[in-house]
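One chain, subunit A, links the two complexes that follow: it is found with subunit B in the first and with subunit C in the second.
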Partner chain A sequence: MISLYLAERTWLHGVPAGWKLLALALISLAVTPFDSLPLMAGLVAATLALYASLGRAAFAQVALLRPMWPLFAILIALHWWNGDILLGLVVSLRIVAMILIANAVTMTTRMDAMMDVIEPALRPLGWFGIPPRSVALAVAMMIRFVPLLFALWEALNESWRARTGKRGGWRLLAPFCIQTLRLSHHTAEALAARGGVFRGERR
Partner chain B sequence: MPNASLISLDRVTLRRGGRVVLDGISLTFTEPRIGLIGNNGSGKSSLVRLLNGLLAADEGRVVVHGLDAREKAAELPRKVGFIFQNPDHQIIFPTVVEEIAFSLEQAGRTRREAAGEAKAALARFDRESWADRPVHALSEGEKQLLCIIAVLVMEPAVIVLDEPFSSLDLPTRRRLERLIAGLPQQVLMIAHELDAFDLYDRVVWLHEGRVRMDGPPVEVVSAYRDMVEAEAGG
Partner chain C sequence: MKDRTLVQIALYAAIIAVLGLLPRFDIPLAGGVPITAQSMGIMLAGVMLGAWRGALAVTLFLFVVALGAPLLAGGRGGLGVFFGPSVGFLLGYPVAAFAAGLIMQRFRNQPVLPVALIAAVIGGIVVLYPLGIIGMSTLGSLSPLDAAKACLIFIPGDTIKAVLVALVAQTVARGYPEALISRGA
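This part shows the complex of A and B:
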């Protein structure tokens, strides 16, 4: 679900992060009770229009839905089985719209702006001894490492195919985990080299 | 009172996993440009990790520009900037400006100050347009430059580079070498690209946790080459 930040500025980049997150929350609340097919189709169309207004690079990101087709197929098939294929379509369209709208927010909002909005909400964590800054850092690092982990998977898949001619699939899982741990070890070291997150004790 | 512009290791021994990695090493670095060479596993990476508290010596004393590495470990990261082999391991944030701002926040700036100074730092390197770029869109050389900028804004006294050229093409490497040559900081660099040390003041050759040779780059590098060739031939 987490997509890449859009480098070229669009009008949506200029909208404050708080407004975008609020709009996202309101829209997702507002569309939940409705089961009307035209309404959902309209919402998806409006979302696509939003993407079109953000330019070509943004529109290309609609492709992020591609890995989700099986999910939609299963959803629709289940509802068809239940005798309500229309509801299956409505549910699928709603998911499509919400994913795209959420993605529109992440691809036009810088991480620090997002965290400025979210951090006050995290403040109660401080009462349990969890510093909000660490949580903010963890979220930022997650966003940062998703494309890196994809690249890692691709690299493993390539070396597998280079030697077997077949796709690695689930067999890559174990080496992927090992490589991910190695990566996290290196990153932890780099973070420590810059003073770490917590001041004080360090080996 | 220890000399403020010097790095000293006094009979330092380091063990990792029951293996002696550094074996009673004593070295004093006062020169501005120092190279570290040696085979893999010779202890180079461990040695530089002692200098900013990533590793702690089991025996002996390490002093970096007046700071005892054991007692003042928490202050070392601001004194010693570290550039790692793979920038992807080092970059923590999704966008360029955040990555640099993080260093500044570590150095005590507020978030607002940090963002402003990060942009100013990019401007000093003629890279203002990078500010909002996602880091995954940068080339390897650009990522390495970002790592260096993010370290430089902390205004360290020493910069340690651990095989910084490994994934760079020759033109990018040359540009980076020129950049490093112009830095006001004391530089300690590990590299397998032996010609990178041509203009350095001193090269130390580590072998199995000990100093095998220490002196001017030309002599040390050629002695190392001779040994490697002799072993490959025999």
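This part shows the complex of A and C:
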């Protein structure tokens, strides 16, 4: 799986995940009430400086914004139509800055470190009979399922192509759902055979 | 909750991810709010799993995206997507799946095709769009009407997807009724 995480270590990798998330939350709250163009332009400039300080691979991720240009164009056009193009620019700059700042946290934090920070917040789920470790297991299972399901889709697609000479597309969805459910039955049986998730908690 | 339920939730979260990443289904019409097979995955989760399981599967998917996995359509992911203008749609996904699942369960004795179609349209459009529009009007400082205008172009595509989801549900109901968990006892 391609990852947004930067393999090359930067100074931001050394900052604990909890602090980064806290900073992100505080920044997003702080910038919301201000509609000043110089301020937002400054924020974007500061964000780009942050990316520059993280190295070339980080800076390349600014390209993540590319598919969003049409949306910003629509946003600015709508504000222009209403006679306030400046507000359109301010809003777009704020969104650009926040996306990049949030992405900087993702770029420099491993998924397991993120999971560790969030785990205490999941503890209340225990009151509803959902053990927090079942969340971790569900995350691991889902990530493991993704390449398996890709392979399954490819197999269905190939047999469809062998019969028709065309790509299956959406027609594969029904057999895909049926086959994946079979897969999930096997997984559930394997899980139960290893002691299960929910029994283990009672002890 | 049983082991099997947990596996089904993880399975549908993965299906949503796979549908978003398949090149065949990737139809980037306009950026930001991508319309791809991914939103079909949201409808499918609700229609196939029912209200609670569907909503949990979608929530798990969003959780893994937030942890940093680039599983959203077009290979996007991480915390950044939750600060973009389409955040209302993202956070509306579990609600949409819940609504679709609820309708499937309420009308479990009616024919699959029309019920699944109505469930997918109500979940994936009637419930989802107002939430997406609220998100866009908040982040973009737009009036709800302007935000709605920016979103309307996606409705034809989502209607087609709802029809496909209904056809898939019907095929599954014929081929392997057990797979339509929302209709089970």
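Methods note: the second predicted complex is superposed on the first by the 131 of 203 C-alpha atoms of A that agree within 3 Å, B and C clash if a C-alpha of one lies under 4 Å from a C-alpha of the other, contacts with A are read in each partner's own complex, and residues count from 1 in each chain.
To be clear about the criterion, contacts are C-beta pairs under 8 Å (C-beta built on N, C-alpha and C of every residue); 3 or more make two chains touch, one makes a residue touch a chain.
Remember, predicted model here, so these are calculated numbers, not experimental data.
The partner of subunit A that touches more of its residues, comparing subunit B with subunit C, is C. Once the two complexes are laid over each other on the shared chain, residue contacts for A:114 go to subunit C alone; subunit B is not touched.
In the superposed model, A:192 lies in contact with both subunit B and subunit C. In the superposition on chain A, contact is made by A:138 with subunit C only, not with subunit B. Using the contact criterion defined above for the overlaid structures, shared-chain residue A:100 touches subunit C, although it does not reach subunit B. Once chain A of one complex is fitted onto chain A of the other, the partner contacts of A:10 are absent, as it touches neither subunit B nor subunit C.
In the superposed model, A:67 lies in contact with subunit C only, and not with subunit B. When the two complexes are laid over each other on chain A, subunit A has residues 4-5, 110-111, 137, 141, 143, 148, 183, 187, 191-192, 196 in contact with both subunit B and subunit C.
Subunit B meets subunit A in the complex at residues 52-56, 73-74, 77-78, 82, 84, 86, 88-95, 97-98, 101-103, 106, 111, 115, 132-137, 150-151, 154. Interface residues of subunit C facing subunit A in the complex, by the touch rule stated above, are 1-4, 6-11, 13-15, 17-18, 21-22, 24-25, 28, 30-34, 37, 40, 44, 48, 60-61, 63-64, 66-71, 74-85, 139-143, 146, 149-150, 164, 167-168, 171-172, 175-176, 178-179. Those residues of subunit A lying in contact with subunit C across their complex are 1-5, 24, 28, 35, 64, 66-72, 74-75, 78-79, 82, 87, 90-91, 95, 98-103, 105-107, 109-111, 114-115, 118, 129-130, 134-135, 137-139, 141-143, 145-146, 148-150, 153, 167, 169-170, 173-178, 180-181, 183-185, 187-188, 191-192, 196-198. Considering their complex, residues 4-5, 7, 9, 110-112, 116, 137, 140-141, 143-144, 147-148, 151, 183, 186-187, 189-196, 199-200, 202-203 of subunit A touch subunit B.
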